[in-house]
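First chain A sits with chain B, and in the next complex the same chain sits with chain C.
Up next is the complex of A and B:
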C-alpha cells in the first residue's frame, strides 16, 4: 500500500519520520530476535506470523512515509514469507540467514534515511535477487497454488469475475491515523472490472451540531464491485486501515464461484486466510498505529523528561534545605512542623523514584543483540555456544543503556574467543561440548549488576603474570588472584596467543574498564581454573544522581565520586616520604602520590600537613593516589549539574552539585586532578 | 556573520526612538546596559570559588538550581573598591544563551534614552575598553556609558565562554 506518499498528502510528514524510524528499528530488532531464536529450526506458525507482521509493518510504514526504496526488499521478503506460511515453499535452513541479511539490508536503508549513512545499493539488490530467486526457484517445483501472489502489481491471475459487497465501518479516530479514504477507494476501483465499481458513503448517527468534530469519522462506507481479485486481495486494501470487525466482505453468488463456503446471508463474514495473523495479534507495537495502543504508552521527548528530573532534583535540594533549617528548631515546640517535614521527605523521595523510573528502560534492549552476535562468532570460531540470559526486564537509565552496550559486547566477544574452549577440548576435559555463556542482570540496592559468565577454562594466572612482566606492568608471584585478574585491565594487555579479528589486540579490557568507569560503574572479575570466568559490572541506577563523599578543604566543599574511593585514612608521620620533592604516602607497601586539593585549587587552609588532614585513597583510570582534604563531611547522593551551561569547563571538576545549604560544590574529576597534580 | 548580526541589532537599536537601560555604578562612573538583557537583580552571597580562574571571576552561585558564574566588574576594570557586604548587588544577565551574574557597586535606575541623546563614545574616558561601549548617553546632565554587555561577556578577556567557542567566533570575525 504505497498510497499516501509525502507529496500527495500535502502534509509535512517529516516530523513523523522519527516515529517511523523508531518503529522500523523496533520491528527489525523483533524480527531478528525471532530469527535468531530459531537456530536452524523451521519457525512455527506463530513465529512465522510474527516475522511476517514485522516485515509487513516496515513495508507499510515505508510506503506511507514515502521511503519507497525500503519497500522493495521488504516486499520480496514478505512474498517469500507468505509462501512459506502457506506451505507453497519448503523451508530450508539457509533461509534464516537470508532473512537476517535482508534485515541488515533494510537496516542499512533505514540508517541511510535517518543518519544519511551511505547505502550499498548492490548489496540490497543482491539480497533482493536472492530472495526472489528463492521464491522463483521453489514455485517451479511447488504445486500450482490456488492463492495468487498477493502483492503483484499486474492484474491477478485469471480467476473468474466475482461480485463483491464490502462494508467498512471505520473507528472514529481513523483520520488521526492519517488514513486517506480516497486512496483506498482508488485502489479498490483499480481492482474492479470496468464500470462495476460503486461506492456509497453513509452517515451513521449524525451528532448534533455542538458535538460535531471534524476530525472524527462518522461515515460508513459501502462498496460494490465485480472483480477478478480474490477476497484476500480486497481485504489487503484495508490492511492498515481496518480491524477485521470493521470490514465485512460478502461474495455474491450471482455470478460463478459457487464454492464459497459461507453463505452470503451470514451477515458478518470473518476475513479469512492471510489476515488470520491479525486475529491472534499479540505482539505489542506490531501495528503501532492501532488506536487502542495509545492509552498504554506514548512517546515523550527526552528533554521533557530530563527537565522533570531536574526539577525533582531542585525539590530534593529545597527539601534538604528545609530539613536543615528545621533541625535547628526546638523539636517539642515545632512538633507538627517536624512531622510535616518528615512527610515531605518521604513524598519527595517517592516522587524522585517515580520520575527516575520514567527514564528507565529494560536491559533486554542490549541483551537482544547478543544472540545474533554469539551465533555469528561461534560459527566463525567453530565453537558451540548456548547463550542464556536472565533478568532481561531489569531496568536502567536510557543514557546508561547506550553506553553499556559496547563494553558488554567486548566482554561477550572475549568470553567466546578466549574463555570458551573448542568442542574437542571440552569433551576431552569431560565437559559438555556445548559451552554456556550467561548474561544476567539484576538490581542490588541502588545499583544494577550485570554478570557475564562463561563456563570455559578460566583465566590463566601464570600466563597473565608472565605477560604482565613482559609488558613491564608491576606484579609479583605473591599477588592474590583478585589482584592478578585486575592486571588484565592494564592498557595494552592481551594474553591471546594469536591475534584474531575478534579480540586479542590488547585494546579490550582497559577500554571496558574505562567505559564502565565513565558512567560511574565498577568491574569485578572472578575466575576458577576449568570452571570459567564471571565478569561483574555494577552500575549506578542513573547518571543524573551520583553517590559522593563530601569533603571540606579550606571552607569549600567538594564531592568525591564514591566509585573511585578506596578508603580514607589519617597518615602517621612515618608513612610520609618524599620522592623527587613530591610527597607520597606509604600504604601497605605501596607508595601513593599525595594530591593536596588546597594547592591544586589554590585555596587557603590551615591544614597543609598530611598528618593533620585526611587522605582519601582513590583509584581512577588505573592510577592511584591519595587526595588530601581537611575533613570528611558526609556520604550523600547528589544531583549532578553542568557548570558548562553558563560557564566554561572547569579544570579538575566533572560537574557541580547543590548542597543542602544551597551552596554549589564541585564534583572532582580524578583523572584530571592527577594530570593537574603532575603539572604542579 | 556574527558581526553582521550584531551590526543589524545595533541598527535596530538605533532605529528605535528610545531604548530602556538599567543604570549602575562602578566607582564614580555610571553605566547603562540594555534592560532586555537583564534577568534579575539580587544580593551577593554564597559564592563557591573556582580554582585557577582570574580574580574577577568570583565563582559560581546556585540560582534556583542553575549554576551561574559571577564576574566582579569592579575588579575586572579596576574601579571602585571590591568589597562585599549586604548591599553588594549582582545583576543577573542573560546573553548568548548563558546566564551570568555581574557584581557592581550599585544599581541606580531604569531610564529610557531617546536615540538622539546617545553620542558615539570617544576613544578615552572610561575604564571600560571602547570596544564594549556602544555610546554615551546624557541623563540629567550626568554622563551614562552604554555597555554592549553581550560583547563584553562573550569576549576573550572575561573567559566565560569556552575558548573553543571563542576560536570559532574570532574565525568568523576574521572572515
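Up next is the complex of A and C:
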C-alpha cells in the first residue's frame, strides 16, 4: 500500500519526512561544526555528548520514519562515541576525520532520500567498517568494560539511575504518518537499565467496531523505566512525534528503585515533551534551537514565504496604481484621500520591508561550510591555514545564499591553492608559517559586501600580463594594477604552472564573475605583493526587488537594472560612427555598440536615430554597450515577476514588473541583449 | 491480508501480517466476525496468531479493539499462539495484557 516514503498514502507524508530531513541536516551540520572546531583535540564531555546526541537523534528519526539504511552508520558511530565517552577507547586525532566521513556518508543517504541523489553504498559500507574496526581494534586494548552491553547502549550521563513514568497520547493520525511506534518504543527501551522497562498500551475509548477507522490511533501508551538518561533525553525519543501536550514525563530522582511498578510517592509536575530541552540551550539535543529560538521561532515552508512576498509585491503595485490615479486629482478637493494614500504608501513600504526581512538568512549558513573545506584542502596541500570569519550574522536573501556558495568556494580554493604559501616559504620570507584566510561579510548601504582575504604572496602582476599576452588578451605594461587584476576574469585564464584537482584549470574566475554578476553582484580585487589578496563581492540585498531605471521606447516601458547602468547621454553626431556596418558611439575614446531596443523588440517609435534619443551606457559581464531609448522616465524599485511563469519567455528580458499604471514592463537582461545584438 | 480464514467463529485464525498496510482488510474481516458473534455470542473466542508473520502498533490496536469489543459483549476473548517475533513485537508495543484479557497494570 505504501512505502516508508509513503508516496501513495492519503496523508502528506512528504511533509512529515521533510521535518525529519531538516532536523537531520541540522544535526549533521551541528556535528560537523563541533568536529571541525576541535582541530585534532579530543572533545570535552559536553562536545562529546553533543556529537553523540546528534548521531542518536539521526538514528532515532531515521528508524521512526522508516529510513532504516540511515541507522546503520549512525548506530556504529554512536557505539564508538559511547565508548569514547566512557573512556573505554582511547581518543586518536584520526577519529575526527572518521566521524566527518561518517557524517558525509549519512549526508549522502539523506540526499538520496530527500533529493533522489545516487547513494554509493560501497562508500557507506567502508565508513561503517572503519568505524567498526576502530571499535573492535581498540576494544582489545582498552580496559575491560565495567558495563554490560545493555548498559553500553544507553547514553549514561554519569548520574544516578532515575525512575521515570511516561504517558504518551499520540495524535490520531500517527499511523497514517507511517510512524513506527515499535522503533520509538525500542529506542526508549534502549535507554532503560536492564530489566526495568515496562510498556502498556491502553485503548482510550471503545468505539463501535464496524464504524471504526482502523488507521486512526486511539491507543495511549504508558511506560515505566529506570534510566541514567536525563528527562530531556527521554523526551528526545519522541521528538518527531509528540507535541508538548502529548507527552508527560514524571521523574523520581530518588535512588534506583528495585521495582519500577511501585507507585510514585509524590508525582513530579508534568514536564514538557519534545521541546523540554529547549529550556537549556546548551544541553545536548538543543542543536538547531539554540539561543532560545524555540520560544520565538517556528519553521515556515519557503513556498509560503515566497507567496507572501509575491502578495506584498502585488499590494505595492496596487498602491502605486492608486497613487498614480490620485496624482491626477485636485489636491484641495481630495485632501483626505491624498493623506490616506500617503499613509497607505508608508504602511505598504513598511510591510514590504518586514516581509522581505523574512527571506533574509544569515551568511553563516555558507561560512559554516568552509572550516572543513579549509582543513581538508590545507592538509592536502601541506599548508597551515587559520580560517577567520566575521560578520557571520550578516543577513541576505535566501535566493542569494544558494547562488553565492559556489563562487565563494572557488575563491577559497584559489586562495588556499595559489594565494597562501607553504610554511617553508612563509618562514623564509619572515612570515608566520600559519597563513590566514579571512571571510567577512557586512552590509554597506543597500548591498552586502563579502571579502575573501588571504595573507599570501599576492597576485603576480608580471606573470598575469605575460599570460594575457600569450592568450591573445589585449594588455599593456602601462595598465594600472586594478586593470591587470581584472585580466584574471578572462575565460580560460590561469597562471597556475600546474593543474591541480583544487584549482588552476583556468575555468574558475570567469565563472565566479559570471555567477556573481548573474545575481546583480560585482567583484573587485585588491592585491599587494607579499601581503596578500582581497577579493570583494558586492551583492544586492534581495533578488525579489530590483533598483531599476524605467525608460520609454515607443509606447512601451522597460526597466534597466540600475547596477548595470554607467551613465546616460544624448550623443552628438560626431560621436556616432559605423564600424563593420554596426552603429557605435564613441565615449572617451572607447567605441560602444548601440543597442536599439525598438529594433530588438520590433517596436514602432518615432525615435530611430541615436542623436534624437538617449543612450544609456551599460556594462554587464565585462561587456559595455549603449542602449538607445526614447526617454528616461524614473528611477524606481520594482517587484520582479517571472514572465515565464505568467506568460512565456521573452528573449532579452530577465523578468517583468507591473508599473503603477498597471502596465507590464520588461526588465532588460543586458548580457542576452548584447548577444542578440551581435546576431542582428 | 493476503488471505484470511477462520476455523469457526470461536477460533479465528488470522493469516497474513497485521500491519498498517493491511489494516483495512483486517478490519473488514474482523467486523464481519464481530457482527456474527454479536448475534449468537459464545462464551469465549480465541484469535489464533500462529500464521501472522508480522504485527505493528496499528495491527495490535485493531486486534485489541476487536477483543475488547467481544469482551463488551460478555465474550471471553484472547489472542495467542504467535511466533517468537510477533510475540516480541506485541510485548514491546505493550499489548500483551490487552491480548490476554488482563487488566493492564503499568
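Going forward, the second predicted complex is superposed on the first by the 502 of 680 C-alpha atoms of A that agree within 3 Å, B and C clash if a C-alpha of one lies under 4 Å from a C-alpha of the other, contacts with A are read in each partner's own complex, and residues count from 1 in each chain.
By our rule, a residue touches a chain if its C-beta (ideal position, glycine included) is under 8 Å from a C-beta of that chain, and two chains touch if they have at least 3 such contacts.
In this text the structure is predicted, and so the values were computed from the model without any measurement.
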item	value
Partner chain in contact with A:665 - chain B first, chain C second, else both or neither	first
Which of chain B and chain C A:612 touches, first, second, both or neither	neither
Which superposed partner A:189 touches (first chain B, second chain C, both, neither)	second
Partner chain in contact with A:651 - chain B first, chain C second, else both or neither	first
Contacts of A:219 with chain B and chain C, given as first, second, both or neither	second
Partner chain(s) touched by A:199 [first = chain B, second = chain C, both, neither]	second
Partner chain in contact with A:556 - chain B first, chain C second, else both or neither	first
Touch list for chain A against partner chain B, complex	310-311, 313-314, 317, 556, 600-603, 641-652, 656, 658, 661-666
Complex interface listing, chain A residues touching chain C	1-2, 165, 175, 178, 180-182, 185-186, 189, 198-203, 206-207, 209-210, 212, 214-215, 217-219, 221-224, 261
Of all residues in chain B, those that touch chain A in their complex	46, 48-53, 59-62, 64-69, 98-100, 159-163
Of all residues in chain C, those that touch chain A in their complex	20-24, 26-27, 30-31, 34-35, 56-58, 60-62, 64-66, 68-69, 72, 89, 91-95, 97-98, 104-106
